[in-house]
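We just call them A, B, C and D in the order they show up, numbering each chain from 1.
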Amino acid sequence: MVIVMNEHATEDQVEKVIAALTQKGYDAHRSTGATRTVIGVVGTSRTPLDPREFEILPGVHEVVKISEPYKLAGRVFRPEDTVIRMGDVAIGGREVVVMAGPCAVESEKQLDIIAASVSRYGARILRGGAFKPRTSPYSFQGLGEEGLKYLRKVADRHRLLVVTEVMDTAQIPLVAGYADILQVGARNMQNFNLLKELGRVRKPVLLKRGMSATIQEWLLSAEYVMAGGNHDVMLCERGIRTFENYTRNTMDISAIPIIKKISHLPILADPSHGTGLRDKVIPMARAAVAAGADGIMVEVHHEPESALSDGPQSIYPEQFAELMTQLRIMAPAIGRTI
Amino acid sequence: MVIVMNEHATEDQVEKVIAALTQKGYDAHRSTGATRTVIGVVGTSRTPLDPREFEILPGVHEVVKISEPYKLAGRVFRPEDTVIRMGDVAIGGREVVVMAGPCAVESEKQLDIIAASVSRYGARILRGGAFKPRTSPYSFQGLGEEGLKYLRKVADRHRLLVVTEVMDTAQIPLVAGYADILQVGARNMQNFNLLKELGRVRKPVLLKRGMSATIQEWLLSAEYVMAGGNHDVMLCERGIRTFENYTRNTMDISAIPIIKKISHLPILADPSHGTGLRDKVIPMARAAVAAGADGIMVEVHHEPESALSDGPQSIYPEQFAELMTQLRIMAPAIGRTI
Amino acid sequence: MVIVMNEHATEDQVEKVIAALTQKGYDAHRSTGATRTVIGVVGTSRTPLDPREFEILPGVHEVVKISEPYKLAGRVFRPEDTVIRMGDVAIGGREVVVMAGPCAVESEKQLDIIAASVSRYGARILRGGAFKPRTSPYSFQGLGEEGLKYLRKVADRHRLLVVTEVMDTAQIPLVAGYADILQVGARNMQNFNLLKELGRVRKPVLLKRGMSATIQEWLLSAEYVMAGGNHDVMLCERGIRTFENYTRNTMDISAIPIIKKISHLPILADPSHGTGLRDKVIPMARAAVAAGADGIMVEVHHEPESALSDGPQSIYPEQFAELMTQLRIMAPAIGRTI
Amino acid sequence: MVIVMNEHATEDQVEKVIAALTQKGYDAHRSTGATRTVIGVVGTSRTPLDPREFEILPGVHEVVKISEPYKLAGRVFRPEDTVIRMGDVAIGGREVVVMAGPCAVESEKQLDIIAASVSRYGARILRGGAFKPRTSPYSFQGLGEEGLKYLRKVADRHRLLVVTEVMDTAQIPLVAGYADILQVGARNMQNFNLLKELGRVRKPVLLKRGMSATIQEWLLSAEYVMAGGNHDVMLCERGIRTFENYTRNTMDISAIPIIKKISHLPILADPSHGTGLRDKVIPMARAAVAAGADGIMVEVHHEPESALSDGPQSIYPEQFAELMTQLRIMAPAIGRTI
């Protein structure tokens, strides 16, 4: 942290700031320039500093945070890429990994038809919701444990892994009993009790970005899981909320190269939720891979018009096949395989 | 819902749309104009319609939702204002109710000093966090049950009611054992499992607006609680996320008159979180009351510079006194008391 | 500016940064802490520094701007409030000044009816557009010079001053010939050629905030006018663009106390454009005054249902009267008159 | 437009709405359902309807706009893609066209070095600012006409076309005398006088998206130019303003497939302004092409560290070469050449 004093700050004011720092267990490093004094804050005390506490002291012009508040999630802590391995699937390595499946599990038959298709065209992981977070209490809320059973059974049949959402601390043991990857949805990105509990689980976590989460907040949520001992966290961009409402959300493709630079965690993209519109899913999936995503998560449904949830953003199996073909042409341009 | 067909839509396309509606249990009401056909959708089936399902049918130009998806929370369901009564305090009536206290409960002594002040100047409800949702896992996470005990004891001593946050379904019985009002924080506004459980509790709920929640989503979250049988929900605006980052959040004062118009639920405002800066709290508290808020929630601390959480947005007891004096002058302008 | 080096930055990297600063005419003030080096940048060269130029140098962790880029518009340059006096009207003083009138000038008769009303209830300045910036090329674009003539004539008849918009450098002499205050609309807030030309005019300028302008950018636009020699600039908040689209814009009431703190320029508020909805104008006008605005600008129309522009956000004369009554009760709470 | 009445609307209220429509020259098409009445509005009068005028009539529940307010810019008006041809360059066809060059023209030599590079690697059009819109009045404002001369001379030498910004109506004849494409910057997207004047010019216009412009507003600004008779408009996405401030702007890649669907105009992308950070330019340029952009505009500088404007977002010539190589591999995946 750097504390910048006003041009007219008095010596007394400077000393009070330094005293406040010392009291909190930090070293102050003072440097006095021609027009103003700047105080560098050194050391790491147990209590993190809130810059605003110093901003309101008399004579202070501005306070600037320097070190990122996340540690385990940052490249400084771990310079090389994290690669999460599950069987023969590695997320964060050279291969762009594709997760596909319906928004919600509706029946074993529905899931089997879709899993057969996406597996054939190259998906490695089956997605599907058994517990669905819905904005309205009157919408379909998911099949619950029954859905989890179908996911496991169908995925095994087609040699796929399973990723599915867990919505509450109480559900973790149940979901972890069936899934390979535990998904935290955008609305729960700052459900800190859930994150803490997931830190104690020995399964990878897929952490979606909250609709209004900054990249720093997102990494701090990953930090909650990692601080608990579970370092297998993958991030997933799924659109942020902006003034533009032609699309449901604005997919922040630039988050992909940013995360790649400041964090070692794998970064995926979900163009289905990111756009909310079927005919935008394929171009945005291509864009995510072109920008360097380690994987994509796509909603696929063989009969989207009768889907119980989010049919309009699900693509048809044939469209999925076409997307995979396009991605295979593009991947070598950036040194990836698919 | 109204489905607007393209100017060049064929008869066949119109019929397919109508068939899709009929299949889902809705009546279609067709009206053919000079340039295009419009289909009105009538009736209420068990499954809510997703407009996007129809937008993607051939020949469809646009689909328009008409009825709000919330029911119990809307003025149509209940035209008169909801007034939540607890002892001699009524929220949503003529009196502007003031909730005040520290961000986090730190000790019994700290709480007692603050409660004595705010009670003297006219607050009716004591606020204070025992469980704190913090962006970083390394920040102070609250005193837990010990904090709840202090809240109850100190509030009783100063004849105040208690409002405090509950972060997880598992905490509800504990928090409900001590608090008069259960607060749902902004980050949990769409923690649907928590909302459902609160629907079964017999205590009022204070529901903060999520940082990127639309007013409609906020009312749908209230609907989750109400659909469970608990109709004593009060809403609390606390700032939304925008591009302007001079303040932590942009307090959406216009949400106050909007909620007043479309919902019967009481609407409060929290200028402490809404701005994040002590010297903006008083002007924004005045603005909220001037715009018609039923109450305000303000963070007050006698030693904010050593507060364990959010000190920089806490005002001093003397500032709180000054605010109350100003509000008492202003209230009659809009037919309120304080 | 403060340049913070990486924890592992080499001596060579530090020296290169210092060399780059020296080359641009700045003094570097180095301070080496336990874990990293921080370089303070002192002095003011002719070329402003772009922090990003240093962020990308090897070994640099972060660059922090310290001094605000505006000078003349800041409180540091001029600690006391600017009061703009025109005849017996003073904007920025103790009185809250009210500007009212139709969105667009439609006819002399329309303007006269409205001016008579707003003058009777206490407005001091007549607003009305002669040149209208319209999103669609097919909307009413204003009466042009004819409108300016009506404004002058009607305002003089009712002893009001005139504020009206100027859209282009070429229009300045014409508009300045009729108006007392030249308004720059939100869409032109960064029309730098227009701002520069207004710096040469000897009439006060009312500068609306752009829909996505930060407070700093807004002050820099004021700086363009002031740098040209015209220091009589008043600012006007009129709503920013956010994800919430219940209202046309989200009126950023907190901008009022912020501007009051960092700038000496008067700050007004326009709740008509700020909300876009008639029934929200009165509560938001009250909120703006409660938050400390030096004045408000309100659209009033006696027959809004047949207005040629923005009728739905215009209030009736009776509503204007009621608003003025409420404001007169509230103003003493914050030491103002009206 | 569709007007939806309240469930309890009276017959009298319905009739008043119909009367108001008739008076404005529209036909009302009434359809009465089981629970409410819906009024379809048919016909096109000279005065466009403001939905809010009807929303505030008694008994009205909601008003829904149906037809897009733009005409010439929409696919309904012109189903096939617009291809803008200048010599052997065609924008909007099968080839992805690359525009490259420095942010600002600094000298003939600087421009020549950069033009030689970008031409060698495949750029077809030279970009460079002679008049620079700068947030601060104290920043470098461009070389003016001298810069235009260099642009023309250097471009001709390397067989490139010239695109450069025009900031004001008064500058149009001057800039049109040197440039092949006239650029309208983001801050001028709603400078309606400038747009109108460009409608009278016989040169293609490149219209950047405003930082907070919706896609519909952007197309309406194109409509201003087209309504004046100049149909050669190309659009350019350059980032919108969101709460995320890691990047200068959030590049809205999804705008590319959206524009492709609803408009026939070519759509380009500017990843340099879209991100503001050199190391994000290449991934975002790839993403734009992957999403279907008809071209990209990239800032290139051989010595960005000493550039007079926006050096930190300019890429080196070698990086530009690498980008072109990657794009050539990717383009066939979506049926394009480069």
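The rule is short, and it goes like this: a contact is a pair of C-beta atoms (placed from the backbone, for glycine too) under 8 Å apart; a residue touches a chain by one contact, two chains touch by 3 or more.
Because the structure is predicted, anything quoted here is derived from the model rather than measured.
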item	value
Mutual neighbours - chains that touch chain C and chain D alike	A, B
Chain pair showing more contacts of the two, A-C and A-D	A-D
Of all other chains, the one whose Cα centre sits farthest from chain B	D
Averaged-CA centre spacing for the pair chain C and chain A, given as whole angstrom	38
Mean-CA-position distance for chain D and chain A (Å)	31
Where chain C touches two or more other chains, by residue	212, 241-243, 245, 279
Chain B residues within the chain C interface of the complex	212, 214-216, 240, 242-247, 250-258, 261, 274-275, 279-280, 283-284, 286-292, 326-327, 329-330, 332-334
Residues of chain C that touch chain A when the two form their complex	2, 4, 7, 27, 29, 31, 33-35, 38, 40, 42-43, 61-62, 64, 66, 76, 241-243, 245
Touching residues on chain D, where the partner in the complex is chain C	20, 47-48, 50, 52-53, 55-57, 69-70, 133-140, 167-170, 187-188, 190-194, 196, 210-212, 217, 220, 223-224, 227, 241, 276-279, 305, 308, 310-313
